[in-house]
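In the two complexes that follow, chain A is the common piece, with chain B as its partner first and chain C second.
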Partner chain A sequence: MWTRKASFTFAGGISLILIGMMISNHQMMILGLSFVAFIVANSWISGHGDVEVQRTLSADNLYKGDDLYVELLVTNRSGRRTQTLEVYDNVPHEMKLRSGLNQMKMNLGPGESARIRYVLRCPLRGHFSIGPVSLRYRNTFNLSVEEMFVDHHSDMIVFPQLRDVEEAFIRSRTPKMYTGATTLRTPGPGTEFYSLREYVPGDPFKNINWKAFARTGDLMINEKCRDAVTDLYIILDSRDIARIGTVLKNPLEMGTVAAASLASFFLQRRDSVSLIIYDEKLSYLPPDTGDKQHFKILSSLAGVAPQGAMPLQAVTNSLAARFSRGSPIFIISSCEGDGTVPAAIRDLVGRGHEVTVLSPSSIDFERLVSRIPRMSYEVLKIERQNRMTSLAGFGSQVIDWMPDMDLSQALLQVRGY
Partner chain B sequence: MAGEVSPQEEGNRTLHLRTLRKQWQIITLQVIATVALVWMYMEIVSTYVVGSIDHTILFRMLEQEIGSELPVGDWLTGLDQQGVASYYVPIGVGITIGGGMSLLAFQPPKRQQKIKLAFVIGLIVILSGRFLMNYLWQLWGDGWTVPDNNALATLEWPLLTILSMVILMFYLLPVIMGTRGIWGLSRKGVAWCIGFVLLFLAIHAILSFPVVKAQLGGYGDKLATLDVLVGAPTVGFFGMNLVTEQQFSLIMIACLIMIFQESAFGVIRQLEYAFRLPESCKRDPEYVKQVDNVLNGHLRHTVIFLTITTLSTMVALGFHSVLLEFVEGVTGSQWAAQVSESVELTLTYGLVISALLFLALMAVLRFFVPWQRLWGLIETSLSRS
Partner chain C sequence: MAVDGNSKLKRIGLQFAFWGVLAVLFGTLMINFVNFGQPNQLSAYDNDWDDLSAFRQDINDMGIETKSLVSSPLLLEELEDPRNVTFVIAGVERDTISLPQFSGESVVTFASEDGYSPSEVDAIVDFVVKGGTVIVFEDYGYANTIAEKFGVKFKRAQLYDTVYVHELDYNYIWTCMQLAPCGMNGTVIDPTTIESHSRWNITDPLAGRHICAVWADLMALNGTTVTEEEAGLCAQHHQDGLIRYNASYQMLLNNITSIDIDETNKHSSMITQGIRSVSSSEATIDMNGDGEIWIGSGLNADTPDLWGQFNTSIEVCVSATCSPFESGGRVHFVADGSTLINAIYDYEGFNRGDYGPVTKEMPANDNRKWALDVIAESLMAIDPVTGMPLGEASPTAMVIFDESRHVQSNVATDTYNMLYFVLVYFTGEGLAKLLLFIALFVLFEGVLLKKKDPDPWRHVFSIIYYGFGDANRYSYYAKNNKIKQVFLSKVRNQNGLTREEFDSMPARELQAMIADPVLVKFVFENRTFTLEQTVAIVKRVKVWGRV
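And then the complex of A and B:
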């Protein structure tokens, strides 16, 4: 395609020829002819985007806030020069260039290749795709431009960040109820023998191995393998209302961080974790253990987007039969705009579940983006506190999670699973 | 695909402007642009100005009016030379001034300000220094009086010097602005230079149009008109005479304008690209290598395509005679010889139509000659060997 410069040069050339003819001025005619000849001579050459592109990422999965190293190898496999080619690697707009550049102007000879290396920062979780690669051939004198693209994509998942959750804050007291509990290769309360160790003051006498004592003369203790103890259910509110706040700081973002961190913590302890996300529909990931489950949970959380307005009671009613008896349930919700929350929690507590409500304070998130009059804020805050108090009154543990509060700090309010 | 990704490397060469400005491709392009500028100016001057409206005529008129010689030396204004030679020294002055302006543009703002201030103060001192001293001395002796003739006479030298320099600068404006544009990396400078040249050509074309020229009377007679139609073609290549000398001169003006424009803008474009690269990319050998490739390509294309443009314009202008010779040779009739006598053919219509026909043929030729592929094969075989 001709550029504006080429169009002007050609039109100018023709105009000069015509005016030159009209006033019998040879300089104008020759100037015009030269312009046209310049365009014609340049039309002989055309670049091409017939190149092979290969993109390598430092990781396919990474955590929010991590850096991603990208390398794009562009090779000219054809038998002619590409001419001046601008290569631009399309990067999702949510990602920020940290170093390097995702574009390069190149002129590759036959068989030649060039590498574009750059680093991206991923400030938002989600499923992303880098690509396609845009190519723009530009004539040396900027007379023609041709745009092409190579349909080459690299998919990646940015998981929510994982925060440290201290063991002291969260402890399960409900053993796994069904048979076939997983034996863990870590010492702890259990039935199977793990190893012998020296006695330390405070160890129960019933665990002393008397035979070993007789043999060695030192007090020795029988260590047991820890059994997997808990099915943990995490219910995440991903309704449209959860988008209140900024892009980086809103109830949903904080909720995903909390869900990922809790899931990671319990899975590391070899517990079974289930994830339930409700928005316009319900998605249920059955409880399971291990790295695979960890990946599934993080992938699900990466793709969460605020939408819909499903009530919590619809979730609990439909899944009540699937919840293991007495298992702890974490509900991560701002508890706004849903009148069924108290009833749902009452039902769960009534069925013997340990319910913990981790509630990001949506009023305070709203304050981050819009000015709320002081009086209105106070009233809304009191309303929220009343709601939280009523939830606590049903027997659940309620954590009012402020925007500037760290997860571990918020969880300090939880005691005694 | 996940894999090992190494971070950007750092090479010995970088793309910092300080380094890039000394790179041979950039300097070659700037030299090409400067040569094209001077050559174009000389061609214009020799075609349109010398002996018609050149600065020496104006200076001589001034000297006649004031009855004495101008204070600026003849060696500087070129008054001691004849014809095009009277422009050699002024062009040197123009290049020096343009170069000085470029140099000034690369100084820190504070230094620029100081130099400009010093220049203005110097100009004021030259203009009024001697006059003020004389007048103050007069006031000291005679009391409060108007300046006498002695004091006023001291203004004559600086005023005439400045007037001479202003006239010279006016004539040299394309050279000054062009040099400033090329070496000072100023798009405006290049654009102003081309603008001045085209404006001059347009004004000249209008004034030399017979109807307008007749209105100018005696002044119009001095305007140089182009007798491009007179005479047989003497310039060509491969033994073919295609255009007259004057036509060739006009072709050169047109092509040199393009060489100047493309080389100057090319340098600015490439340096702008390098300047905008982030620091890490400026040190990355991959970027350095590709900038080299692009610059080499630019150089190659500047030489090849502008030569082709010049040659094809020549062939286009002489194409009508080639066509007639062909027709005469094929048919053996007298028709071609009779047509070649036609004024319309050698004047405008036939000439332009045949020229455009040739250019159209040339444009179509790209579909038949896979020269890019051929050149690619040569390059591949060269790189393998």
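And then the complex of A and C:
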């Protein structure tokens, strides 16, 4: 593709030739021909983008706010010079360039390489991809420019930040129902032997007790004791209304941080943690323990986006049968725009669950971005307090979480209203 | 997948249709302008029997530059010294390309009738007015646009005459450059009927006498002799060391037509129209081209053809005398496009087989002498001091052959000619110049506006994203009824009452429960509160119930 300079030169050359012909001015025609010849001669000398690109990341998964170190190795695999080659590594706009540059102009000889190093800060959680690598090569006089890209991508996940909540639970006035890992005398996933039972189709072969089979002739299965003490359910509100506030401070962002931190805390204590996200649909991650579950939860939370308006009661009604009896449930929701919240909590409490409502104060998030009249703000706050009070009245622990409040601080403020 | 397949087929079909239509359009264009079957002829730059290479060679041998004009006669406007240029049109075999142009009255026209566009005809007329000489050899082609401007018109139908070459066939007609027709004696021209050129043979040098005759007179007066080389442009009359000018011309023509005088569209600068040769009085013209001659007392469907004496050559001049010593040029019209073809012009070479196998010999003729005399009159240098002819060609003498209206058998040649024509059109025609200027202006504007260099790459960190909530509800939350409702909900919650219990509670009991006279009044009195009062009430509601 011609540059503007080339287009002007060419148009000027043609104009000079034609006007020279009109007024029979040979000098003008020769000048015009020179312009055109210059363009033609230059078209024979062009660069190329035949390069090999290799990107190295310091980590594939990182937490929100962490730094990512990127190194891009560009190698000219052609037998001629690249001429002026611009290399640009396409970085998601949600990432901030902390140091270095994600682009470079280079003129590589055959087989030569160049490295581009830069550091990105990832202030937003999510699933991101760095790439492709855009190439733009020009000829010597900047008369032609061609663009292409190398389809080289590096995927990564930015998890929500994890907050330390241990102190909050130690100092909390809430009953210590989360007692940590103890062996339950019930069968389930675990490590300690519980009993033998007959083989049922579908049982994994690795659990077959071969000695018992040799002895009795029947296939017998080793059953293990269940390790976890608690199935903890975290219900995260990801409805569209959860986006109120700034991109870094809104009920959903704080909710993902809270959900990740709580899950991490309880998984470290070898509890089973389940994550339920509701927005326009319901996403349910069954309770499980271990690092794999931790990764699953963090990955789910990384991809959460505000959308839809599913009521909480629809969630609790559809999942009530799956909730382990008496298990604690964390509901992380601003409780705004959903009239079914009190009924849903009443039902859960009625079934014997220990319900904790962690409610980011949406009106205060809204205040960060909208100028709410003072009086309206006060009335809205009173209405919200009424809502919190009524939820507490149904037997749940209610935490009114203000935007400038740390998670552990908020958890310490658990009160019955 | 089926949808994808269909759209792919549609795209292929669309592309096929597009290229098909383009090919048809291109083919139509090429068929209009390229005659694949017909070989090129009458070209001064080809060496076939029906080309004009011998004539061009003779001119070159006289030291005169020759050029071909393949695009458009518009280029004649660019000549610096038209007085010393002869423009030769031998056969206008095809029409011009119709492009918009200003006509003489500055009205835009889109089509030209025959042969040449109005601008091209104007260029030729200007050339003649400035002193240039034009020779038009034409029979059935498209030269009438030029001819009409000079007050003549080609009949474009074949003329048959009794004065023809019997050894060949009736298509080869004898005509003599004289006012009376020459006649036959048996199968040869009767020498007693041969006279002299009506202008070139007069005695007054300033009244149109041929320049070679004037020069010969001067030489005779001075008593000097000249060699054939020194005879210069009059070498065709060189004899025994002298220039012996002979003004009789026995011309051999082939497949001729006739030329009428028609002053309807004549340009005002053209003064003289002199008939230089005629057919015999027994000539006929096959007007309907059916190969038969039907003649009657009048022209009608049964007798459409003509009979009588017809003009075969006319000379039109800007000056009254047609003298080369006066300003203004002249145009020679000859009713045969092949007057100067190698076979006739260089009959000796043709009979020797220089231009291919010979089946019948070409008779001797004076075509060469006449053509060279025209060139001599047109291009001979004149002493600026004495005003006398110098015998040799002017240093700036030039003969231009019009090749722009010859059919080319070669596609590349024809395409080149056509492109060149378009180029000349846009740099020579007034309207096209205007259009070209506008186009160049638009081009520059287009480049300026549309041609952008690719933006420099830079990483933009952008996470500006807000959820604004619903601002419309703010005013609703400032209304007394809403404040009252929120307050009552607070009272109900703080006292652990259900809605039903709260709704069934007596008013006095509720008043006691509120225990604040201001808020009691706010709840129970339906009156309007000022903004300050409402603010105060909200403050009280906020602190109500705190221990």
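Convention: the second predicted complex is superposed on the first by the 340 of 417 C-alpha atoms of A that agree within 3 Å, B and C clash if a C-alpha of one lies under 4 Å from a C-alpha of the other, contacts with A are read in each partner's own complex, and residues count from 1 in each chain.
We adopt the following convention: a contact is a pair of C-beta atoms (placed from the backbone, for glycine too) under 8 Å apart; a residue touches a chain by one contact, two chains touch by 3 or more.
The model shown is predicted, which means the values in this text are computed figures rather than measured ones.
Trainee: Per the contact definition in the header, classify A:Ser24: touching chain B only (first), chain C only (second), both, or neither.
Mentor: After superposition on chain A, A:Ser24 lies in contact with both partners, chain B and chain C.
Trainee: Should A:Gly350 be classified as contacting the first partner (chain B), the second (chain C), both, or neither?
Mentor: After superposing on A, A:Gly350 lies clear of both chain B and chain C.
Trainee: Let me test your reading of the model: by the given contact rule, A:Pro286 touches which partner, first (chain B), second (chain C), both or neither?
Mentor: A:Pro286: touches no partner chain.
Trainee: For A:Pro123, is the partner it touches chain B (first), chain C (second), both, or none of the two (neither)?
Mentor: In the superposition, A:Pro123 touches chain C alone.
Trainee: Once the structures are superposed on A, label A:Tyr88 by its partner contacts, choosing first (chain B), second (chain C), both or neither.
Mentor: second
Trainee: Could you look at A:Ile244 and tell me whether it touches chain B, chain C, both or neither (first, second, both, neither)?
Mentor: In the superposed model, A:Ile244 contacts chain C only, not chain B.
Trainee: Which partner does A:Thr389 contact after superposing on A: first (chain B), second (chain C), both, neither?
Mentor: Only chain C; A:Thr389 stays clear of chain B.
Trainee: Would you mind listing the overlap between the chain B footprint and the chain C footprint on chain A?
Mentor: Touching chain B and chain C on chain A: residues 21, 24.
Trainee: Within the complex, which stretch of chain B touches chain A?
Mentor: 1-8, 201, 204-206, 208-210, 226, 228-229, 247, 250-251, 253-255, 257-258, 262, 266, 269, 273, 277-278, 280-281, 284, 286-287, 289-291, 293-294, 296-298, 301-302, 305-306, 308-310, 312-313, 316-317, 347-349, 351-352, 355-356, 359, 362-363, 365-366, 369, 371-373, 375-377, 379-380, 383
Trainee: In their complex, what parts of chain C are in touch with chain A?
Mentor: Residues of chain C touching chain A: 78, 423, 426-428, 433, 436, 440, 443-444, 447, 451-454, 457-469, 471, 473-475, 477-478, 482-483, 486-487, 489-490, 493-494, 496, 534-535, 538-539, 541-542.
Trainee: Under the touch definition given earlier, write down the residues of chain A that touch chain C in their complex.
Mentor: Interface residues on the chain A side: 2-5, 7-8, 11, 14-15, 18-19, 21-22, 24, 86, 88, 91, 93-97, 102-103, 123-124, 134, 136, 145, 147, 241-248, 250, 306, 362, 365-366, 369-370, 372-376, 378-383, 385-386, 389-390, 393.
Trainee: Inside the complex, what are the residues of chain A that reach chain B?
Mentor: 17, 20-21, 23-31, 33-38, 40-46, 54-60, 69-71, 78-81, 83-84, 99-101, 104-111, 114-119, 140-142, 154
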